[in-house]
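Have a look at the structure below before the remarks.
Just so it is clear, A, B, C and D label the chains in written order, and each chain counts residues from 1 on its own.
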Amino acid sequence: MKQFWKSMLRSPSGVIGLIILLLAISVALFGPMLFPNSPWRMVQRPFLPPFTLSTVPLGTDALGRDVFAGMIFGARVSLLVGLVSTLVALIVGVPIGAMAGYFGGRVDDALMRFTEFFQTIPSFALAIVLVAILQPSIYSIVTSIALVSWPPVARLVRGEVLSLRTREYVQAAVVTGQSNTWIIMREILPNALSPVIVLASLMVATAILLESSLSFLGLGDPNLISWGYMVGAGRTVIRQAWWITVFPGVAILISVLGLNLIGEGLNDALNPRLSREGR
Amino acid sequence: QEPKTGGVINAVIQPEPPGLMLAMVQNGPTQMVSGNIFEGLLRYSPKLEPQPELAESWSVSEDAKTYTFKLRKGVTWHDGKPFTAADVLFSIEMLKQTHARARTNLAQVDKVEAPDDYTVVFTLKQPFGPFLGIFEVGSMPMVPKHLYEGTDWKTNPYNNAPIGTGPFMFKEWQKGSFIRLVKNPNYYEKGKPYLDEIYWQIIPDAAARSVAYETGKVDVLPGGSVENFDVPRLTKLKDTCVTGAGWEFFSPLAWLWLNNRQGPLADKRVRQAVMYAIDRDFAKDVIWNGLGKVATGPSASTIKYYTDDVKKYPYDPAKAKALLKEAGYKGEKIRLLPLAYGETWQRWGEAVKQNLMDVGINIETIATDVAGGNQKIGDWDYDIAFTYLYQYGDPALGVGRNYISSNIAKGQVFNNVEGYSNPEIDKLFADGAVATPDSKRKEIYEKAQKILVEDVPVAWMLELQFPTIMRCKVKNLITTGIGVNDGFKDAWLDK
Amino acid sequence: MLSFVAQRVVKGVIVLLAIVILNFFLIRLAPGDPAVVMAGEAGASDQVFVKQLREKFGLDKPLPEQLFIYVKGVVTLDLGFSFRQQAPVAKLIGERLPATLLLTLTAFAISLMLGVLFGTFAARFAGTFLDTAITIFALIFYAMPLFWVALMGILLFSVTMDWLPSFGYETVGANLTGLAHAVDVAKHLIMPAMTLGLFFMATYTRMTRASMLEVKRLDFVKTARAKGLSDAVIQRRHVLRNALLPVVTLAGVHSGTLIGGAVITETVFAWPGIGRLMYDALLQRDYNLLLGVFVICSAMVLIFNLITDLVYRLVDPRIEFAS
Amino acid sequence: MTAPPAVSIKNLRIALPEGAERPFAVDGVSLDLRPGKIVCVVGESGSGKSMCAHALMGLLPDTVSIAAGEIQFEGRDLLKLDDDGWRDLRGRRFAMIFQEPMTALNPLMRIGDQMAEMFEAHGLLTPRERRAKALALAREVGLPDPERIVRAYPHQLSGGQRQRAMIAMALALEPAVLVADEPTTALDVTTQAQILKLIRNLQQSRNMAVMFITHDFGVVADIADQVVVLRHGKVVEEGPAATVFNAPQHDYTKALLAAVPSMDPPARAPLDDRARAVEVIGLDKTYVTSGGWFREDRRVDAARAVNFNILKGETLGLVGESGSGKSSVARLVMRLIEADRGTVWIGDTELTSLSGKALRAERHRIQMIFQDPFASLNPRRKVGHIIADGPIAAGTDPKVAFDRARDLLKMVGLDAGALERYPHEFSGGQRQRIGIARALALEPEIIVADEAVSALDVSVQAQVLRLLEDLKARLGLSMLFITHDLRVAAQICDRIAVMQRGAVVELKPTAQLFASPEHAYTRELLAAVPGRKERALAD
């Protein structure tokens, strides 16, 4: 573990990514305490450009609400939606994919046909239907996004496992009588991790944006502000007030960039061929 | 200026109509396109005075129970068959089954007869004040009898290629792209229409619609096609003309359903507090970009018998708080249902929520899409809900329906959804519809407005205005109270 | 091989039917009633009218009966009748299919080609400025909402420079034929296809890069170098090919969603495709139409999953499928 | 020795990353390769032979760097070469046969294509000619059924076949300098002889300079012009083959030579009364690989009615031609692949009838040492885990398991630091020993050893063999010992089975087999054992 952190901290991308993520998370956690004003309150004249008033540094939106406050409060929901739904998608997708790929045959068949159930409906549509059924709330949104995001994970993992399970070191583990779970967890998955990390770090962005599409349709959690919501809400006034979409958009971009950098760092740190490289 | 003949106009249609057979599909875009293919017996001036269309002239009997229409001669359907009184009779029969509003409108009609090919006589059960207001093309389009009689209307092939008597003929419809209408060369008004073709472009995204206008790809943006926030910018473009006219007949009025049945809102004082709490001028100025008008009561100011001599509800949070206190409101949760019709409505929902929270009303916004919202409203499963409805020119047609108790029924999304029940109002609207003469009606409706405004069964917000944006070279587009819906008949292009 | 395909097709049909049934209930679970939606649009919502509509669409029948009728239809390849548009679902979908396929396939090709290309470059120059630039470039198009990118494209290329049309599938009313028509369509296609393609590109870029970096360290790459192969060939033939598996998986997943996947792009560019059709059907609870689109999408996904599995064997001969 | 050296390595010093066994893989190594001469590099496993070879090709791992020295070739210092310069040399002028062919071959490319690439890399020939050439090469290195085998993927070949594919590639362009890193470890003696002849011929006709790394003193005796002995990264002795053999100077060299096993089987007590440990009855296995839509399937009979048994405490040798099915039989016995027919008994358990949990529960009784050590080690797991995982899975306390892993590593001659390292940080022979340690960790009743000592220098080999003998004696361990090294077989096996094309053609007690081989193939094998003449000389 110590070694892992050491190599993680040695990769510049990993460090930058970690810093970004930590920043974002601390904003999400502590920001609302520092800015107790509700982001929904109309505080100034609408469409106030950024950097004109120090009380609303990033300007106001179409209703005169503080964009900066929105950014601070939005971090919480966006990161929550992005990270949690990705995490859930991984928790569901990785084992299913791994089992399908490892056991093959009937198990594969059953699991993959099951996956296809979720895969076949266009994910956006499925998310809408699910949110509509479950009633919009932050929980149902996270659930729905996770439910539509796991099939690609499962298929990806399965593909990798299909290829890895024939490797000789897996056979060597079989020979020593290790359990299937152990083999999957220790012998196969670590070697399949790199694409999963990439996919996961991208999925966070998808989730954040899916949430924004949902709120665009009126299916977001209307009582919570999020970056995605802000981007969507500013969409119609892009040409009058670029700042309403651009600031939250950049926040999303930077978070996603941070996560991807962490992914890179993680991949490097987990790759034994790199970890000892003297830089 | 002398009209010039020829030219093609590109207009925007949004959303894509589900069908063009006006007798069977009545949603907004259908009316907008098909209003130029089909015709009604009458049209209405911006002041909502009846004007001849397929009916050349009309007369009303002394007892106000018999209406005689003289039809125009020499009118033919697009397929060349003549239009006669038989078509009118058939249309009325058909519409009674397929057109909900027509059915209600015609409820007072005892019988319809055609003494000859060019005369139609309506006999009413009792005098019906607004009767002359129900003949506009959207409310009562004429259907070709020879193509529909004895067929299964639902699957009639002409539904997809409608045949009317109007100035334009249906030519082609590429789903998802455009609808193309061409000039009717045999139109009965000589010289009309002036235009050769109309393309209705289907562009689902509002921002893309304004770009299409900016880049010169379309010439006409009918009301509601672009986001309000874009209107000022587009208006400033060169060679651009804007008009708010053409919505007089519909007079869309926005309000909040307040569920009168249960919870704090059952208390009149709480409902009044809601009225005081909401900054409607803000909504008008910021959300609707200064377009429209703050509503004073159940009637839009363009509707007959409108009066503003009613109780006023200016933005007054203090008063709202006082009323709430008086009513003993203790912070019970109130569910607010915004309208999922796009950004403007969402913003409005947010602003109203903030207004109400500011006076201490504990609002929880419920998110749904349109269908889900309709379901909730229909099931009376809400506390406050946004809506906007057309008024159709006469309080008997578009206003009363929302307040009379006989219209309370589960499963519908408008009429009396709020559950307001007041025998006095029921009686006033019942009388108003059949009263004669006009002055009597005026008296009744003014009284009704006063009572309603005091009771606040719903919270009236704004008289909406949907400006039509077009190039200045498009002339005479809006000449009637129903606007673009039948506007291309007179329009011409100044090249 | 043949028997593997045959078995999968049979299973696919069964899965498809199951999916149809599942979807049938799923979309009916969502609150909202098509009759009420339509009544609302028509500006009239009296009970009689709503009841009429229900009867007309068979919505008054008990659910199992509706299901039975629907499934019976699907089995005979009849996708039913759209409530709202009053036309056979198959026809409605058929009208939109070419445009959708044109857009999504082009976008798919763009994303895959650019993605793999950029990914290869990023991997080859990992840690350099180029790598960072590619990463940021890819992520901008990925993490920025599609409509934003699309609108910026329109503002730049249609409004400011006036190079490309901003909406539609072809110039309406131009009545072009032959080559001129093809050029016209291509012009309309560029922006939507690029927007969509650049969006999907990020996944491939990142995946290719990570995967290649992984493979790059394996011993056989050393063998390839010992042969004196040029760097480009090593990257392409040895590293890339071995790194391709996850890319293939994702391409399979994406290609399966080609039909239904482009709602936002189709909306912003007024592209007359199925994504939009589905979206409207969804909002209007046009059950049959929605189910129809879902059925087609499902079939696509199943087909592409099968193809992916077949491609797996080509890409990695070590993979075996018990058939 | 008058010809100027083609390549001359001077004072080479290669630094290993931190955490490695020692700071420098090689330290101050100098050696000359002359045209038309073969330099054999021998020495302890892990002494830095492969490092030298890789340095010569400019292909050291990223984590390893050259600290000092130079490599002169045609008046240039290769260490100062840029990428393009190297690219031009590699393949055409310098070619290398890598030590571990499984991982050195691209798993997704057909063998033939990988061979043809050699020409392509240097823009030679048309694609069609390249293919023809690849086929010819496959034939030349003695690959069976060349037409089919060029279309096969690496994982479908036997260890020796892969090795031959590597050799064919390296020889394809008839380079000026050939670096062969233990090129014949997986080859049976007859094939080996054929390959050695091939290299010899080329070396003579093309005046090729060869650096030949090997542990097999028989081979050294047969082909070396010059011998270099390495130990701990330093050259301890160097000289003409005959001198080194006949008058070794350094103690280490002497020890090495003394450790070369003899061809005479020692006398062994008969084991008849022992219980049966393994019984294999009528094993059949045919590999069918789909040839695609249009081509015929490739079918290989890897086992045909194979019968044998192993008694408790007995070692059964399995020798035979490369590709004859030895590894396949091993896998069948291990139930890593399913037999088409036949049964395998372990003691009183019918292994072939078990599955799932029941099978897993029996696994610890029979362990395997894989032919390809590198491929059989998980690249992402530390050696400590690799060894301890089995016992831990079987319920041993992790701490105990790790302690035992440490002991085992010591027993096979690796220090405890190895626990914390990853497989790629070891030399070929070291990895092989890790594989052995892993198999022993579970204290099995039976070990299936597939070329288990082929990558070990004779002294370490002797140490490992002693260890196995000891376990045999103490715990009644039985072994199925697959080897191509008949000297080793002579020393360790109680009985030997000879395989050819999937069938066991002869099975006899060792002494008997060596004394009176019956089958023609057996006789051929025995005759081909390298180094016989030199050996006589040395004795």
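The rule is simple: a contact is a pair of C-beta atoms (placed from the backbone, for glycine too) under 8 Å apart; a residue touches a chain by one contact, two chains touch by 3 or more.
Remember, predicted model here, so these are calculated numbers, not experimental data.
> Name the chain pair with more contacting C-beta pairs, choosing from A-D and A-C.
A-C
> Could you grab the centroid distance between chain B and chain D? Build each centroid from C-alpha atoms only and quote it in angstrom.
For chain B versus chain D, the centre distance works out to 88 Å.
> Using the average of all C-alpha atoms in each chain as its centre, how far is it in Å between chain A and chain D?
47
> Taking the mean of the C-alpha atoms as each chain's centre, how many Å separate chain A from chain C?
For chain A versus chain C, the centre distance works out to 21 Å.
> Could you give the separation in Å between the centres of chain B and chain C, each centre being the mean of its C-alpha atoms?
38
> Could you check chain D for residues that touch two or more other chains and list them?
As it turns out, chain D has residues touching two or more other chains at 62, 155.
> For chain B, jot down the residues that touch at least 2 other chains.
207, 368-372
> Which positions in chain C are in touch with at least two other chains?
30-32, 147, 151, 155, 217, 283, 316, 318
> Just spell out which pairs of chains touch, all of them.
Pairs flagged as touching, ordered by label: A-B, A-C, A-D, B-C, C-D.
> In the complex of these two chains, what residues of chain A are touching chain B?
The touching residues are 40-42, 46, 62-64, 128, 132, 135-136, 215, 217-223, 233, 235-240.
> For the complex, give me every residue of chain B touching chain C.
8, 10, 15-16, 18-19, 24-28, 97, 99-101, 103-104, 154, 159-160, 174-178, 180, 197, 199, 201-205, 207-208, 211-212, 214-215, 217, 368-372, 374-376, 378, 389-390, 409, 411-415
> Residues of chain D touching chain C in their complex?
57, 59, 62, 83, 86-92, 94-96, 98, 100, 103-109, 117-118, 120-122, 153, 155-156, 166, 169, 290, 293, 374
> Using the touch definition from the top, list the residues of chain B that touch chain A in their complex.
Going through chain B, the ones touching chain A are 206-207, 227, 229-230, 233, 282, 286-287, 338, 340, 342-344, 346-347, 349-351, 353-354, 364-373.
> Per the contact definition, I'd like the list of chain D residues that touch chain A in the complex.
Those residues of chain D that touch chain A are 17-19, 62-63, 102, 155, 334, 336, 360-364, 367-368, 370, 372, 375-381, 385, 389-390, 393-394, 422, 424-425, 435, 438, 441-442.
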